[in-house]
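Heads up, the next two complexes both have chain A, just with different partners, chain B and then chain C.
On to the complex of A and B.
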């Protein structure tokens, strides 16, 4: 059964000449993990915001779990969808970890005893129970995103949308979040829609959708798509930052080492290179 | 930043730390109100004793409180001098032109100084022993009756708690921006007042721009998590009134009533 159905969706920002979303239609089956990849400005984040009614589409029809999205049903639909955003700090609303997990439940007028049990349960699921009374200032980005996930576990939605949720994390934090999501998907039978630049995150998906200029341009399994190699970049998947920087330097006729360097290694090389002389 | 003690929270598990923020708020306000009734040695003795008792119960050394007073030292000197020289009446001890040191002047200067110190110390006890967030919770709970008048108490409380939550985030950001400017050769400690103000502008502008962008992000995230309006929500944080609160309340009410009685009936 299709849990997300989108038909002929259109959206144009008022300050732009072109459509951000141009006649897009697709279906996502319950229990699937679908990754949407694309360049910056390809319309993928716009799509996520349209799906839960954070912005209203110009035309088209969105059906979530059998319910058509209208101004009247938008709050019911948001009950069914949990969303994790890009910036870990800008979605941490509570004063402490426990408060933040409870925020979604407070909005749904859940009674306090239930909240107390669910906060503990949800924090345990993401391995953050020991941090229950911590303030966000003392947490890493990855920990904050885990708390955001706990907030979603607590309200038990059917669909999880990740809007570049791992893009501001270091590789380790990213890996941790992805394994937590993988586990949650199994346990809660979630449908996951992840909007991403990250190759690891995309590789976790059952199905990849490439979006460009507001159009869907390709749909494939990760294996099929990854055989494209260098073309991945053209489709909007990220090459690691050091490699990107090396490419940019090479374009400017600066000689760079051929071996792979991580960020620290490249920084070192830059410091000692002849660029400084 | 770390040198300012006034308004800081010092973690602990003392009697006062364990108290309900509502009790602490109410008692502090009561205390401050009654300070203005104290007018002689006895009433001030009671007030001072009550304060010292509270300081002791907070298990924070008195010298930490004194350090909290220091930034206000000049303000105190200034008020005292004004009172000394311009309070006329009574026996004149010393006179030089229009400057007169009289008995009444000295009296009222002493009075004002005592009030000043007592009021600052009692509010310092509150801030030393209560997390800002708890104070916000306490204020919300105390304002609750205003709900009947359709005053958006819960929304106000959420605003307060969001503001507190983002203080460290924005401080970090200011630090980052300053470092970025430093790496481009800005020296923040240098130059006269005008020069210093000039160097602040390139910090404030990006800070404000970022803060506004953050606000948009946060409101999106809040809506996505089902936030519709502030008033029809349940609350996860709860305040609990304990025996220490009742005990403190009794101690304060008895001592403060004694002051009123001494002032008006004896």
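On to the complex of A and C.
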């Protein structure tokens, strides 16, 4: 079942001559992880804001979990959607980390005992339980991002939208957060929509959707898309290391496979092509 | 007239003297030499941002001394007369576009120098030059900075700091949130400023590939302490230690270690894709390179 349905969506900023979102239609199935990729200014973040009704589309229809998004349904729909932005400073309200994580539940009238348990559970998931009583303002960028994610985990939404949410994390922290999300997705049949420039985050998705100048350009699995090599930079992604290395080896007159190989695949191929002496 | 920066036994606590006191820097000793490119790495919360705020006395040590050129900063140092220091050491914070506020790009870039006593006319001349320096098109100067893209706004913010004509440029994750092309543009800009103007660069980053490609000195922070310092080659030669401290390797180096398990030999561990390809190409069998 499609949990997100977008039909002929259009949006234009008042100070711009061109449409930020131009007749976009797509569907996302419940339990899927879909990554939206595209260079800066391609319309990715605009799309995310339209999906949760932070901005109203000029035309088109958005259906979330069977409900059409309208001014009347926007609050019900937001109950089902958790969103983590690039800069967590923009979404902090609590005086302590624990208060901040509890905020979303307070809005949903969760009773105190449940709230206390859930706050601890959520902070533990993101590795921030030790920071429970600290002031969010004094945390580092990456720590703030974890707290923001804990606030979402606590309310257990059906859909999680990540808008460049791992961009401030170090590689290890990013991997940890991505595996937390992967686990939540499996446990709760969570649908994940991630807007990202990060190749590792994109590789975690079941499907990638490429957006450029407000248009949907291509939809593919990560493996299919990653064979594009240098064109990936135009799509706002980095070229994966195996593709870079294959290029460098080609320049050194070595014939390498054309199909996409991940690091393990390329390591295997190199091993079998190695001279024995 | 070159500006050395030296830390001697620097300690720093946030909310010192309250029950919430947190020691963010512990016994830091380091030296940043003129014209160098220093990368500061470490996990989130390791004290990187606190460290760099000592580079122009935005924070003063709770104990120990920070010497910036001729100025010695201690816990006793008064906030008066720090202006020349702030001009000498330019600071680009995370998401610097959040600090833009003027009506036009030109006014925003010219704001800093005027604050330091430069006349409006001279500041605007300087602003135009710096806008060119960071690759902002002249047609953007009369636009509102808020109408620009994220990458352009970041250039405006960097130009604003450059307009102070600093000797040291400190950047806290200047490429966070930019796409790969925007990241490359900013890093190319930083390298050029160093080469052409002899600026000393201090860069906080999580991108180990950037450390490998651009830095000549690396400072590793962990739990407020300086864990290790040295050249990228030295720092990335101990993957076990890095892993224990939850830090990564440059992607080419990481892959080289995997290949080493599979029998490939390396004179030194490569830090870049070029170096990696140079070292493995001669080890591949004839079947794999029919063009020879």
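The rule is simple: the second predicted complex is superposed on the first by the 235 of 277 C-alpha atoms of A that agree within 3 Å, B and C clash if a C-alpha of one lies under 4 Å from a C-alpha of the other, contacts with A are read in each partner's own complex, and residues count from 1 in each chain.
Everything below uses one rule, namely that a contact is a pair of C-beta atoms (placed from the backbone, for glycine too) under 8 Å apart; a residue touches a chain by one contact, two chains touch by 3 or more.
Keep in mind that this is a model prediction, so the values were computed, not measured.
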### Query
Which partner does A:39 contact after superposing on A: first (chain B), second (chain C), both, neither?
second
### Task
Considering only the touch criterion stated at the top, classify A:87 as touching first (chain B), second (chain C), both, or neither.
both
### Message
Let me test your reading of the model: by the given contact rule, A:99 touches which partner, first (chain B), second (chain C), both or neither?
### Response
first
### Task
For A:135, select first, second, both or neither according to whether it touches chain B, chain C, the two together, or no partner.
both
### Query
Both chain B and chain C touch chain A; at which residues?
87, 135
### Query
Taking the complex as given, what residues does chain A use to touch chain B?
49, 52, 54, 75, 78-79, 81, 83, 85, 87, 89-96, 98-99, 102-112, 115-116, 119, 135-137, 151, 155
### Task
Please give the residue numbers of chain C that touch chain A in the complex, ascending.
14-15, 20, 22, 43-46, 48-49, 94-95, 98, 147, 149-151, 173, 176-182, 206, 208, 246-248, 251-252, 255, 258-259, 262-264, 273-274, 276-278, 280-281, 283-285, 287-292
### Message
Considering only the defined contacts, which chain A positions touch chain C in the complex?
### Response
15, 39-41, 86-87, 134-135, 138-143, 164, 167-173, 197, 233-234, 236-238, 241, 244-245, 248-249, 251-256, 263, 267, 270-271, 273-276
#### Entry: Interfacial residue positions of chain B with respect to chain A in the complex
133, 161-162, 164-165, 168-169, 172, 214, 217-218, 220-228, 232-238
